[in-house]
């Protein structure tokens, strides 16, 4: 059964230095509050996995939490580059960052396979792409029925999954609604999971086939209102597109980034 | 009649015209999204737009800044998980057109969105593949729209993130269950299509007031022109009006004052 | 885009003798009306696929529509045997029926793979079971990453999928709700699909992540009120458990079965 | 005190007692479903029940006739697709107990629900494997409940639909990612458990008023008894009351007059 913890306690207890951590949310419901708590607790040497490492990973990488990044699209959507990610990859600041990159289709299938408890995902992918030349985790197998050559990638089965969701009921069942991304998959694929929620309610108000994660499939739940901002939570608040644009200026420069981090992360406590 | 329009508007209107009712289009963010929604708001109201965030048959009123803006979900027929989107809807063969942008494109319509320079020592690190590698192979055909410049139109891309027709134009030959690949590239200068035999991109139509020299100067290889080189029809008044309204709505939506709650929150 | 047809027209136009046909619905939303129309139109030599061939396939097999059955559990749930299925397998009446059997996990994965456009499904399955000895479609592959031995089965990609759903809107988008089974997968995996619905409405009334099949993923839609009875349609009518029990007596004997078929199928038109 | 109860009731109550709060149980139809719901309605209100129809954490008020009755869905936390159920929830490792019935069981707890006789020339054709083959390997452990008779308890099953410990008791040895297999078999006569070494089923407890001879007469192999053979505790008054109420509700629900609409419809 999921345990209700403060965000501080959840991160402290369930994320260790050196862990493989997936913080997911496909544009929607990105767990920013949890990312900031990880920065505050100065977790180190994390292998970070995420299809679309955007601002939250840019911040964590810039803060020195990561040693490796596995991803399929790393940018500030609609704005441009992730300057902290680039600084780490290109200049090793604040530390060297190893990267391993996939396509979305491969990562989506790898999450599906991870949730399904399988060691590999099979997809019709990477045909003609140079990505297999630079990622030795991409292999090819032959279908035993048709002889077709198909791509295979290792499934994703992280130590910890971190997601944000709209709400939990008092038994610890969680509703995710709207762009549900790979939230269900990453929680089921992970050894441990932390779910931050906008609120804890008596009744989830879920429709019959809603994306509900049962309490017994979750390790810890922490209430974190606006925990996805500047991304958004459908039904609660909109995406702060202005901040996404503003981030480009903040992150471009190490000093402005560090000042932002000090004022907006380190000097704030967990929600 | 002589309407005033920019080369960007010419590009978007031309790209939009490539889409027709009945197509199911997997939309990349940026220029493709602008063109696809312009098509939907003008001549192709029944075009089906899909974004990789899982939003099926979406009808945003403003252009999304990201592929997962709330607008996409709220206006969609339904929203599925990302694994389902890539496995069932794209790989399952339900997408007729993949509409992509790119950072680099070469003469065989290979796309590079990974990096400029060498992989281990990049001059510029770009965002990466995202959905494009498999959109380009699973969709029945691919439309590409990108601004024309020598930096973008290179003889050989530094890295094949997403295959057009490969380094030799033959990458799709004898590959089972693969789409037809890029069938048209729309820039702010012209329309290019692959040669049916060699798959090399050939200019098929110049936009009004664009010369062959303009295209040659903006292309990093010895670009060929079709024998029956056409002139692209100009944008219509309604297309321009709808496009400008869409961009104005989008601009005001994405840069308008954010809600106080959000301003607070992102500093938590 | 889906075409609205009468059930008679849909079956006549889209199901041919010799086709591979999947009629799905996991206990819920079983397409009985469509099955009866197939019987009335005397379709022959069908390869029928279904995880749980229950009464609808018992009726079609007894009526002589099938030459082969691929399945994973063939019984009258909670009641007993399917006597027409057994008569066909054991005595070749009314014709010989070839069977190929799987487990549920393998068929569910094979539908998933079919919807995903893949030629095979990979699962951790059939360990220690004799099923691979009697089904040459079950093979084993080695994971290129871990060396683990995993089962592989061909994906299911039928000529025709037939399902029943609650409702369609006037554009031909279909809502399936409740026990959704493998309805979405089979429609996406099939070359053609026929969807019968309880009613056609202006607005589906679907929640944001509901199981909705878009019009462009469906071939034909036919209105068939009570088209799933004696199984049920959530929100419309309950399962007629009494008839499931009654069926045991009807189907036990060739004569009572044929009389039932004459009175209840052949002498009734399509809804 | 001497309550009156049948051997079936003894079996159901004993099977129910094997489940505890906190377990996530993948429930087979029939006897396992009866026992699992009895547990939920008595000592284990927080046991989580999953049925292969996709209903997660369901709390039916009456026992379902099939694994997909409406009752299961309406009382569930949520209902997922069947592929998701088997891939994510079962194969993904979230089931602590698989609760199965069977037509035949042998001394190594292998189960046969496929056929009696030879595969190509069956004497009796049974329904087949259904969910059982992978429930038995993916669940952390397996409980089996079945009536005890010589026809059911055979030395070697005619067909291994679902593995217990294989023909030699070693089928799970050195197999990665496999559950512990059957840990208890509950019949109307006794409780059996596999020998920790050989995996052969051994009688660990006789139900009240059952003799060794009764078990020997109902078992198709030379059955062994544990040295510390116990007597199974009798059903309690409340357990019997809840079980009888549940069965009465179930009986009246499934054989009561059907709605006119349905009577009409199944004759269409």
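Chains here go by letter, A, B, C and D, matching the order in which they are written, and residues are numbered from 1 within each.
In the analysis below, contacts are C-beta pairs under 8 Å (C-beta built on N, C-alpha and C of every residue); 3 or more make two chains touch, one makes a residue touch a chain.
Because the structure is a prediction, the values reported are computed rather than measured.
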Touch-network distance, chain A to chain C, counted in steps:
1
Per mean C-alpha coordinates, the chain lying farthest from chain B is D
Chain pair showing more contacts of the two, A-D and C-D
C-D
In angstrom, rounded to a whole number, how far apart do the mean CA points of chain A and chain D lie?
40
Taking each chain's centre as the mean of its CA atoms, chain A sits from chain B at a distance in Å of 27
Rounded to the nearest whole Å, what is the centre-to-centre distance of chain B and chain D, using the mean of the C-alpha atoms as each centre?
56
In chain D, what residues contact two or more other chains?
73-74, 79-80, 87, 91, 138, 177
Contacts with 2+ other chains: residues of chain A
112, 116-118, 123-124, 146, 148, 178, 180, 184-185, 208-211, 234
Draw the chains as points, connect those that touch, then say whether the picture is a line, ring, star, complete or other.
other
Those chain pairs meeting the touch criterion are A-B, A-C, A-D, B-C, C-D
Partner chain D, residues of chain C touching it in the complex:
26-28, 32-33, 36, 51-52, 71-75, 77-79, 81, 85-86, 89-90, 101-106, 108-109, 111-112, 123-131, 134, 146, 148, 178-182, 184-185, 211, 226, 229-230, 232, 234, 237-245, 263-264, 268, 271
Which bits of chain D are touching chain C when the two form their complex?
29-30, 52-55, 64-70, 72-74, 79-83, 85-87, 90-91, 110, 114, 119, 122, 125-134, 137-138, 159-163, 166, 171-172, 175-178, 253-259, 261-268
Over in the complex, which chain A residues touch chain C? Could you list them?
116-120, 122-124, 137, 139, 141, 143-146, 148, 150, 152, 154, 177-178, 180, 207-211, 234
Interface residues, chain D side, partner chain A - complex:
22, 24, 48, 56-57, 73-74, 77-80, 87-89, 91-94, 138, 177
Chain A to chain D touching residues, read off their complex
1, 112, 115-118, 173, 184-185, 188-189, 206, 208-212, 214, 216-217
